[in-house]
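One structure is given below, encoded as structure tokens.
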Amino acid sequence: MATPVRNTPLVTPERLGVLLLLIVAYGVIPVIGTGYLFDAILTPFLALSLAAVGLNILTGYAGQVSLGSAAFLAVGAFAAFNFNLRVPGLPFVVSIVLAGLTAAAIGIVFGLPSLRLRGFYLAVSTLAAQFFVQWALTKFSWFSNDNPSGVIDAPPLTLAGFAFTGPIGRYLFSLTIVVVITFAVTRLIRSQTGRNFVAVRDHETAARVIGVPVLGTKLVAFGISSFIIGVAGVLWAFAYLRTVETGGFNIDRSFQILFIIIIGGLASLRGAFLGAAFIVVFPLILSRTGAALFGGVFDSGVLEMSQRIGIGALIILFLILEPRGLSALVDRVWDWVRPRRAAALGGATPRSFFIRKLQPKGRT
Amino acid sequence: MFDYQFFLEVLIGGLLSGIMYSLVALGFVLIYKTSGVLNFAQGSMLLFAALTFVSLVERGVPFWGAFAATLGVMVLLGVAVERTILRPLVNQPPITLFMATLGLSYVIEGVAQLLWGTQVHGLDLGIEDSPFEVYGVLISQFDLFAAAVAGSLVAAFSLFFRYTRIGLAFRAVADDQYAALAVGLRLPRVWAIVWTAAGVVALVAGLLWGARLGVQFSLSLVVLKALPVLVLGGFDSIAGAIVGGLLIGAIEKLSEVYIGPYFGGGIEGWAAYVVALGFLLIRPAGLFGQKLVERA
Amino acid sequence: MSYLKHLKSAVIASAIAVGFALPAAADEQYFPLQSYRVGPYAAGGTGFFGGFIDYLNLINIRDGGVNGVKLTWSEGETQYEVEKGVEVYERLKNNPGVAAWNPLSVGIAYAMIDRITQDKVPLITVNHGRTDSTDGRVFPYVFPLLLNPYSETSGIVNYIAGKLGGQDKLKGKKIVVLYHGSPYGKETIPIYKLLADKYGFEVQQIEVPHPGNEQQSQWLEIRRAKPDYVVLRGWGVMNPVALKTAQKVGYPVDHIVGNVWSNSEEDVIPAGDAAKGYVAITTQASGEQYPVVQEIVKTVYGAGKGNLEDKKRIGSVYHNLGIVNGILNVEAIRIAQGKFGHRTLTGDEVRWGFEHLQLDAKRVEELGAKGLFHSINVTWKNHEGDGYVTFQQWDGAKWNVVSDWIAPDWALLRPIIEKSAAAYAAEKGIKPRTSEEAPVTTN
Amino acid sequence: MPGASALRQRPDAVLTPRDATAALKAAIGTGVRAQDPSASTAATPVLAIEHVSLAFGGVTALADINLDVWPGEIHAVIGPNGAGKSSLLNVVTGLYQPDRGRVRHGGRPFAHVPTARLARLGVARTFQNLSLFKGLTVLDNIVMGLSAEVRSSFLGQIFGVPAAAREERRHRAAAGEIVEFLHLTEVADRTAGGLPYGIQKRVELGRALVAKPKLLLLDEPMAGMTLTEKRELTGFIRTARDTYGTSIVLIEHDIGVVMGLSDRVAVLDYGRKIADGTPDEVQADQAVIDAYLGVAHDVDVGGGI
């Protein structure tokens, strides 16, 4: 066929990189890592990355901003807890899938306003999910098995008959789920449905004229996104914290996830991981260096407040220097190392709500 | 037997609370109208203003002196925000600016606590807060005062935007940024002024809310009360903020009292959003025909 | 510039700090502190951790440690955020000689239950935490010392009964509970119902959605209900707003009784005059007149090592809670040392100390804390310690104790706690301990 | 063919009011498309706009417009800015609902054209301002033109079930042909948003063409193009019509392009149709000259296409 259909070779630098990462993640890190690395860094990183992948489908690819991600984390966690508790003999992996489906169903319901609203209106509307879910999970103690303190505890983590215990086990459990879902998502975004997302985001009217089912596409985006965030909630609650209350799924968490995909790069899966790494690791570095340098001079309150200021200022600086996120930054560095690399796949500059308002003279 | 007197009391209480929401919403509207950004830092600006004011008063500065000084600080803040954040981000998409205001809120909160400490403060504006009864309906004196302040602030802004050159520029920018640029309006100056105005609103709202809640970190959370008001009234309509605030206040209280018991109470947190959304489903153009709803 | 000067001294100071920190001293007991001095709850955090550190300092300066074992600590800032708390836990847990964890944060405490149980180190959740962890048979390492929510509820009802002139006077009375819309706030709903049935009073429980900065409708309902007492089960900003709104609807403030998280200066000061006359439960009295607080002022602050920046806060509710928490931790170590020897103890040994933390009135007086808190009686089954409570009234400037020490109705509450703990044990497949000596099982 | 039955029920009687032009239409139809096997349906217009009126808050955008587009015909709509040209296309594609009148697609009458079904009715359009999906590659943009024919579900696509994979291959192949046809091979894998304006316009044409529509609506396809680009695009449009037999409605300001390319030209002025005929007729029409072509001398002649 002489058509210019993308005839990617079997081995590309990108695929090699991913393969290398997987080898390191499965083969090297478990051997050399410490409990601190797994329980305090990698497991939360994986859970947040997965949540960011989920939100990125909705916000980055399909262009629908959501401030209610934490609600779907909570739905996933509480649903998995209840399926596991109330259906004896149900394999844990089935509980996880059912939890994701529950989150998806609720996500679709709260996605309905997207059929009418856009931009900040939609963003603020999704707060309804945030407040409603938190309220409902607190209000009806059935969800937490009538625990007087309203908390749920992690069931044993098993996949296909294999029990994951200890820091390394929980890490591998999270890693496996994240890898499987991320792989499915890479397929999704290259499919017709993935193109539909971008089409709806970039030019809704044109998409409708062409015959893209706009309303359906939006709801599918909400559904898939909520599914993934729900599964991320299972990881967050059971692989990472292990005993959780609804209070942990508050609006700050939603902002954190949105922040991850923006700092990482909208419409970039790599960005979701880079952003999550940034959010998890960067404050630690800042706080540790601050303590090491100034610990003797200022009291810890002053130090912490200065760090808060520092983080805020860096966010702003970062947005000014590279508004397209860490992913674009990596591209730029890569281009600099290896010039004349072909343009990347997928969506680079989302439109409407996401693009610049006044056309700049410089690059787009 | 339906208790009309109680209903009336809840309704009036709701309307008066609603005015307080409007006051917070107003700060959002000013900035959204001219730069299309939901300024998440509005809450921390409110906290910062109230904290600065109360700290000055506690250090012996007289009331009006502290008010003037805080006003000055808010002006500086407005100008600084324009210089350091808006100008470099001028052509960026709204969502990026939104995240920048999130970063800004970190900075402001950090600076506020670094400067003035983490202690909570009481704030006494010297307004008696004992209730009085009108035909058996209880009305709060303080709420009436707050409503009056909010009302005059809105009136002042309306007059300002109608009858001054800057106001004209503001409306031009709000209308069409390209056109405003084309006729030579200096966008940065308009932005600086608008952020300053939002700072003033933050100060007034901070004082009124601070007198109610005390001046403490949670003061920044009052923005959550303003968001459904914005959805209902429109992000870009001052009138919408006022009417939306009244409506949300009243609906919130009435639904909590009359519908809440069927769900075990505590529905105020989300009822306002659901009502605002329901309204938009029926009437997509919103209260005052805001743009951005439905297709652009 | 002064900043440069600071920088220079900082470099020198940190170099010294690093130099000295490396060789660990002989016998030390270490407290990892997940403190929060920034963020929404910084006011409480600085008070509590300030008091805790002040007491540890007192022991070091005055006594040279506990039987010669020096107390050390380091802080990790959490901003009250769960994942930061977990990170601090994972970071600090490998330091030698960890005695116990004291997060003073429900969310962080929950996230640590699994971890500390595996690591065999006690987790102290003074006045908070999950109620069923009172059952030490199922939760060997978790200690909700002094007061769990159920005891608190019973204590409050007993106090109201006392005000009315006896428990029989509760009959036919009406109490409204205004609670925070969170698991914490909801926790006591069944207990109030239980007590209402038992004593024959009517209870109406009204929820205030988080954060609670608007309570107009709730207080109008209260006004309509005309209760004899209102119990305020608040949190953060909800408390001053409740008091302010009560004033607005004309409800008498001295008929509002606050719970243990509505009882601090931070809860009343923002309400101004509206709080004058408000009564709240506490496990530890406030004020600086108690000998131990005086000693801290003299010895610790005198030596310039006081932790509170604002000296006015010495003796405040959170500061005194920190001091009492310090006493409980130190005494647990002392008791454990009695069994295991005067050396650095393991976490499991300190747990043994906590499970034998029995301080009677005489011992409390010896510790200079007479009147500051009553007594405590922790056993391997009962991790709360039968805490007595007292009530304080706010006079516009300070809290004044207005009641005797009141005992909650432990016998009534214990079965409920055991039931919940049993459910947890079943969920997690834990076999409850059957005797004090039985090995602690971790799953 | 969803429109086939609708075609048959189209009564010829509707043509009667304008018999004179009907003859002309037939002539053009056969003239251009003599070899087209579907020429037998030439008696039914692909698109018929009947008495369409539209007003925005009292301002008349369209006033009683009638327009027929015949199979294989390139029918231009010209007029000064604000004459209602784009409004007309928006009515035809259902983005606007007319206050009065109907639009017939292949004979099926609609008071409000269902935009979502447009593609299945065999209609495609481009927009005045670029409407590409900037985040997708050129090839993907063109594949998107076949969206209305997608049958597989997102699950099938993720798991790569055979039917979904076949469908994807088929659509890619079809898009590949268009890429070649429009000489876009070089940029097929580039993200559309970063390409030069002229190429983006061409991609948009490709996206509209890939479904082989019966009717193609082009809203100022040449705006902002260089002379060379215009010449190129004109060639593509003409070839597209000749190859696929597509009827084309062309809105364009460049009179040179219009007169060179169109079979017939309709002229709008203040929402009214003031002329409709062959380029020669229209150029000779006094009303048109008064309203629009009065300044004919500075019209860009488009390099003699």
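The letters A, B, C and D name the chains in turn, as written, and every chain counts its residues from 1.
We take it that contacts are C-beta pairs under 8 Å (C-beta built on N, C-alpha and C of every residue); 3 or more make two chains touch, one makes a residue touch a chain.
All values derive from a computational prediction rather than experimental measurement.
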Next item on the list: Mind listing the chains that sit against subunit B and also against subunit C?
Entry: A
Margin query: I'd like the most central chain, judged by C-alpha centroids against the all-protein C-alpha centroid.
Written below: A
Next item on the list: Find the chain most remote from subunit C, comparing centres computed as mean CA coordinates.
Entry: D
Next item on the list: Go ahead and note the Å separation of the Cα centroids belonging to subunit C and subunit D.
Entry: 74
Note to self: Centroid from C-alpha atoms only, then distance subunit B to subunit D, rounded to Å. What do you get?
What the structure shows: 49
Item checked: CA centroid of subunit A to CA centroid of subunit D, Å -> 42
Item checked: Where subunit A and subunit C are represented by their mean Cα positions, the distance between them in whole Å -> 36
Note to self: Can you list every residue of subunit C that touches 2 or more other chains, as numbers and ranges?
What the structure shows: 37-38, 42, 46, 181, 209, 309
Next item on the list: Check each residue of subunit D and list the ones that touch at least two other chains.
Entry: none
Item checked: Sequence positions of subunit A contacting 2 or more other chains -> 131, 135, 139, 205, 301, 305, 308, 350, 355
Checklist line | Chain-to-chain touches, reported pairwise for every pair that qualifies | finding: A-B, A-C, A-D, B-C
Check: Which of the residues in subunit A come into contact with subunit D in the complex?
Finding: 1-6, 184, 187-188, 191-193, 195-196, 198-199, 201-203, 205-214, 220, 224, 267, 342-351, 355, 364
Margin query: Which stretch or stretches of subunit C touch subunit A in the complex?
Written below: 6, 9-11, 13-14, 16-18, 35, 37-38, 42, 46, 75, 77, 79, 81-84, 86-87, 89-91, 94, 106-107, 110-111, 113-115, 129-132, 149, 181-184, 186-187, 190, 209, 309, 416, 420, 423-424, 427-429
Check: Taking the complex as given, what residues does subunit B use to touch subunit A?
Finding: 32, 36, 38, 84-85, 88-96, 98-100, 102-111, 113-114, 118, 177-178, 181, 224, 227-228, 230-231, 235, 263-264, 266-267, 269-270, 273-274, 276-277, 280-281, 284, 290, 292-296
Notebook entry, point to check: For subunit A, which residues are in contact with subunit C within the complex?
Noted result: 35-36, 39-41, 44, 85, 131, 135, 138-139, 141, 144-151, 153-156, 240-248, 252, 283-284, 287, 292-297, 299-301, 303-305, 308
Next item on the list: Mind listing the subunit D positions that touch subunit A in their complex?
Entry: 93, 95, 115-120, 124-125, 127, 131-137, 139-140, 143-145, 147-150, 152, 154, 157-158, 160, 164, 167-168, 171-173, 175-177, 179-180, 184-185, 188-191, 193-194, 207
